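The next part holds the structures, each set out as structure tokens.
Look at the two complexes coming up: subunit A is in both, with subunit B in one and subunit C in the other.
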Partner chain A sequence: MDYEAVIGLETHVQLKTKSKMWCGCANEFGAPPNTHVCPVCLGLPGVLPVANEEALRLTALTGLLLNCSLPPYAKFDRKNYFYPDMPKNYQVTQYDKPSAVTGYLEFEFNDSLARVRITRAHLEEDVGKNFHFDRNSGVDFNRAGVPLMEIVSEPDLTSAVMAYEYLNALKDILVYGGVSDCDMEKGMVRCDVNVSVRPKGQSELGAKIEIKNMNSFSGVRKALDYEIPRQIEVLKSGGKLIQSTRRWDDPAGITEEMRTKEFAHDYRYFPEPDLMPFQPTEAWLEEVSRRVIELPLARKRRFIRDYQLPAADAQTFVWDRPLGDYFESIAKQAKSPKAAANWVINNLRAKMTESGTTLADVKFQPPAILELIELVENGKISSRIAQDVFTEMFSAGESPAKIVEKKGLAQVSDTAAIEKFCDEAIAANPGPAADFRAGKTAALNFLKGQVMKLSKGKANPALAGEILERKLKAGMETGN
Partner chain B sequence: MPSDPIDIKYVAHLARLSLTPEEEQKLAAQLGGVLGYIEKLKEVDVSGVEPTAHAFPLVNVTRADEVRPSMPHEEALRNAPAQANGLFIVPKIVE
Partner chain C sequence: MLNQLTLTELVARLARREVSSREATQACLDQIQRVDGQIRAFISYDAADAMAQAEAADKALASGQTHAQRPLLGVPIAIKDVIAAKGQPLNCGSKILGNFISPYDATVVEKLKAAGAIVFGRLNMDEFAMGSSTENSAFQVTHNPWDLSRIPGGSSGGSAAAVVADECIAALGSDTGGSIRQPAALCGCVGLKPSYGRVSRYGLVAFASSLDQIGCFGKQVRDAAIVLKAISGVDHRDSTSVPQPVPDYPAALTGDIKGLRLGLPKEYGLGSPGSAGVSPASAGGLDPEVKQAVEVALKHLQNLGAEIVEISLPHTDYAIATYYIIATAEASANLARFDGIRYGARVAGADPIELYSKTRGAGFGAEVKRRIILGTYVLSSGYYDAYYLRAQKVRTLIRQDFLSAFEKVDAIICPTSPTAAFKIGEKADDPLQMYLMDIFTISVNLAGICGISIPCGFTAWPKLPIGLQLLGKPFGEETILRVAHAYEQSTPWHKEKPPLAS
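Up next is the complex of A and B:
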């Protein structure tokens, strides 16, 4: 019997705010322990939380980017549990009235467009960080109260690699929208994975197994690559799966069942009495919607369509948005946008990487790249010389035409001059000349290279080739 | 009165309270009284009343996203049962 996997993801993302969710402590990674804390985020008695308006905006913005509806009424609830990382003994979250519901996320998968439905996106608070020692544990509350958004997908994912691609697409959107930096190294994105398997064609779902606290996308992929065959194996051997929680052990490469406490899931949610409900006004929604950006996938498709770029180039301009914007600033005037893309990606980007600079440091104006392309297309300079001109443009910022003139780099299309170089090349290399006459046509390239060298790269290569060939063939006829 | 008597052991466990048998008996009776009152409230006809999470007609209470000074570090840790390297030290957490 064939089995299929059904996967849903709960993705937690730290929001890009300056301050925490309920207090003015800095939302900043890496500070010494317990230095970004105050009575509110330490859960001391008698304090009142006040919601960070930017966190509410970013959650609504996420809803818009994920094609969700934004309900007219949202509220916060207390989720009660005891754990040392949560000093209040409850986490404030949105239980039954979240900020965003029923959307979808589209991404490229297996050469087509996959659509995963989004159940909801809600706002909550992050918890402290635990450190485990031999005889006790330590807690740092700098992270407690950092705005955390949870994005819940429907169980629309069917494989480990699809889950991985979903997460990457989600991350791209959130980074693009300025919602979160999604820095995995800093723990800004964490994921709970729900996975079950069922015989193909069966409509009811199998027992749901949750893999908790994944902190990397590749970890999610590896855990699913292990867990899906494991579940299938259990069913095939006549076993039964029961709903449970597992943990991914990365070094061992396995998932293992967690000892879940008897009453662990009785959270006794109730409305947070200290926070008033949120009812977005039209003006507020309008303000948030002005922050909606073109989604990465839409941008990629537009670049392919409008500029006839290959998918790889378009993807480069999606990942490196400033570079893509730079390209776009000249692409509309470019006769060949593809040529402009080549210069921007292969030369400009390479030079910036080499010199550790950014677009802000580039000394020449963007249209100079178009001028340079023009010089090559008009036969004014060879494409090899164009590389040198670009290097000069990059270091000094002068216009390509000026550099060509100043350095005397203009291509030599003067037949007499090239004839002279050709004669010299043939005379200096009798071996390859003879090879060509004996039918080894590849020898022509060697001789052409010699002509380019003699002309210091300035000879028109096409012309040099023609003249060489004519001379060598003439030599054959006269028997020289 | 509620149909089911309150499971006092379960409720005490959720609140991490350890009760003596006498306390269990006393609190079960008291909480039972509270639930009985809730049952009485259920008799009120609320078919025309919108459910609400709050009694105050107040919404959208927010603050600007601005950083304000945190507590002095020493002050924050002053009530810690134990501390080391700037951390609150707690009994070993076992998952």
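Up next is the complex of A and C:
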């Protein structure tokens, strides 16, 4: 019998806000322990939370980016459980009235478009971090109260690699939208996985097994690569799976059982009385919707479609959004957007990297790149010379035409002048000339190079080749 | 003696520079020395700090600062041990906080200091404000100044006793189900519970967040009005505080209540003088002397020009059950932070779970444990809908009862407590009897409205104070203060002092 996996993901993402969720402490990774703390995020007696508006906006923005609807009424609840990293021993979260519901995420998978439904995105607070030393333990509360968003998917994923691609696509969107830096090294993203297996064709789901708290996408993939075959093996050997929670042991490469359903926590959720329900106004929603950006995948597909770019170039313009915008500012007028993309990616970006500058520092106007392409296309300058002209444009900001004129870089297509360079080249290099005559056609390229050199790169290379060949062949016939 | 002055009189004398804040503060400290060994209202106080504040106040007065700018300049005000004051112990009447010193000021403390008050002392209370007698304090039992064998009420028993025993000029307390009004009634002073959202809760250690409100105790109504004005207002640190302008409360005390309509809830077992009330809520519970004193007060208010109108609060019978579900549910989460990890007392354990249970087992008293267990139960999976959710629905109905009533009347009038102060230990083994002490006060917190208790007489023997309660609309403090003031100024009760105090 064949089995299939059914996977849903709960992805926790730290939001990119200046301050924490309920207080003014900095939301900043890497400070010495317990330096970004105050009475509020330490849960001292008597303190109250005040919701971070920007975190609410970023959660709503995420909802819009994930095609969710934003309910007119959201609220916070208390989730009760004791743990030393929890300052209040309850976590404030959105239980039954989250900020965003029922959306979907599309991503490229197996050469087609996969769509995973999003159940909800809700806002909560992160907890502190426990450290265990030789003789005692400590808690760093710098992370306690950092705004944390949880994005819950429907069980629409069917394999480890699909889960991995979903997570990457989700990350791209969140980074792109400025919602989170999603830096896994800094623990900004953590995942819980729900996975079950069932015989192919069966409609009801198998026992749901949750794998808790993985902090990398590759960890998720590896855990599923282990867990799915494990579950199938249990069923195949006549065993039974029960709803339970497991832990991924990364070094060992295995999952192990933490607790079964009968020992599941009762979190005793109830509405957080210290915070008012959140009812977004039209104006507030309008403000958030103005921050919606084109999704990375949509942008890539549009660049491929509208500008006939290869996928790699389109992807470059997705990653480097300002560069893509720069390209778009000239692409519509370009005869060959592909050529324009080449100049922007291979020359402009390279020069900026080399000089450590950004688009804001570029001295010439974007259409100058189109002018430069035009000069090459019209045979005014060679591609070689175009490189020099670009260098000059980049350093001085002058227009390509002006640089060509000022420096006398226009291509020489005057036959008489080129004939003179050819004669000189043949005369100075009797060896290669003889080689050519002896049938080594490759020697022509060497001689052509010499002509270009003598003309300081201005000779029309095609014309130089023709003339050289004629002269050498003529020599053969006359017996020179 | 200066400590016996009302806040209003002291301010007048300070303003005229007849007395100094140091003298007034010293008089309070002397009185504590003299009587608090018997009253035991203060858990602790820092005399040197109080005197330093008084000296600063005297300098401010000398430099020309006025009470128009800082209405409480130089006035010693003591604080219930549930409100955070920077550098002072914060124990909430419990052992579990150990030697905790608050590193920050509650918003009300900031406001009192800004208004020039001498903020001093930690006033005794039922542990985490859970109780109606102050017997649940882990520190000491506070005694009623009128009869030392009796309780002062609770949970703000220390605040009420200290004001009545003239150990301070005014005091702050907190009221979750009657914790200001009931001790004010039982000790014989003015106790004001503002509307929910009127006063910031930032720095008030939460018992039941949706019911808690800070309020004040005074020797007369005007004092309470002055303190209320100083501590009210929206606070960016408390999302549940309401951006409602703060009126000039003392200016509302016109003495004129002609034409005001006062509602008499038929469910509370009172009638116009002489008539028999029907009393499902408090059948058998309302003491005849209390009933009579309140009925005489009704007559008096009629004589002052108020109109008494019968109203109905049909969901009254459900108030106590509803309250004990909502309050304990919220408390079970609010008190979870006292775990011995970050601050407070700790009893070590082999692992965190053992540390928690040992710390909390040793740190919390019986009533607090009882309420945490109750609250945990009503929120548990499978019980939430039957208890918590249903209680929230009933709460809405109770609030509706009041809002409908306030369409017909300007304020509601009733007793504060069904009986006068009882004997220490009398109800200690019967929590349900204790819970019934809050029968007339608890609905006010569920509805989020405001209430004030003022003296309206004494029982015959022993002589114990009786409280009259006036309830107002949300943010209707001006009206109840006006009625309370008119009543007070035309009756002798507020002038009576317990023998001990003088």
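Just so it is clear, the second predicted complex is superposed on the first by the 418 of 480 C-alpha atoms of A that agree within 3 Å, B and C clash if a C-alpha of one lies under 4 Å from a C-alpha of the other, contacts with A are read in each partner's own complex, and residues count from 1 in each chain.
Simple rule for what comes next: a residue touches a chain if its C-beta (ideal position, glycine included) is under 8 Å from a C-beta of that chain, and two chains touch if they have at least 3 such contacts.
Worth saying up front: this structure is predicted, and the values here are computed from it rather than measured.
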Touched partner set for A:M276, first subunit B, second subunit C, both or neither: both
First (subunit B), second (subunit C), both or neither touched by A:V37: first
Contacts of A:P45 with subunit B and subunit C, given as first, second, both or neither: second
Which of subunit B and subunit C A:V179 touches, first, second, both or neither: neither
Touching partner for A:R268 - first (subunit B), second (subunit C), both, neither: both
Touched partner set for A:V92, first subunit B, second subunit C, both or neither: neither
Dominant toucher of subunit A (residue count), subunit B or subunit C: B
Which superposed partner A:F82 touches (first subunit B, second subunit C, both, neither): both
Doubly contacted subunit A residues - partners subunit C and subunit B: 39, 42, 50-51, 80, 82-84, 139, 266, 268, 273, 275-276
Residue ranges of subunit B in contact with subunit A within the complex: 10, 13-14, 16, 53-54, 56, 58-71, 73, 76-77, 82, 84-93, 95
Residues of subunit C touching subunit A in the complex: 83-84, 90, 92, 97, 100, 102-104, 106, 201-206, 208-210, 236-240, 329-330, 332-333, 336-339, 341-343, 352-353, 356, 376, 379-381, 384, 388
Parts of subunit A lying in touch with subunit C, wherever the complex brings them together: 39, 42-51, 78, 80, 82-84, 87-90, 139, 266, 268-270, 273-276
List of subunit A residues in touch with subunit B within their complex: 17-19, 23-26, 32-39, 42, 50-56, 75, 80, 82-84, 130-133, 135-141, 258-259, 263, 266, 268, 271, 273, 275-279, 281
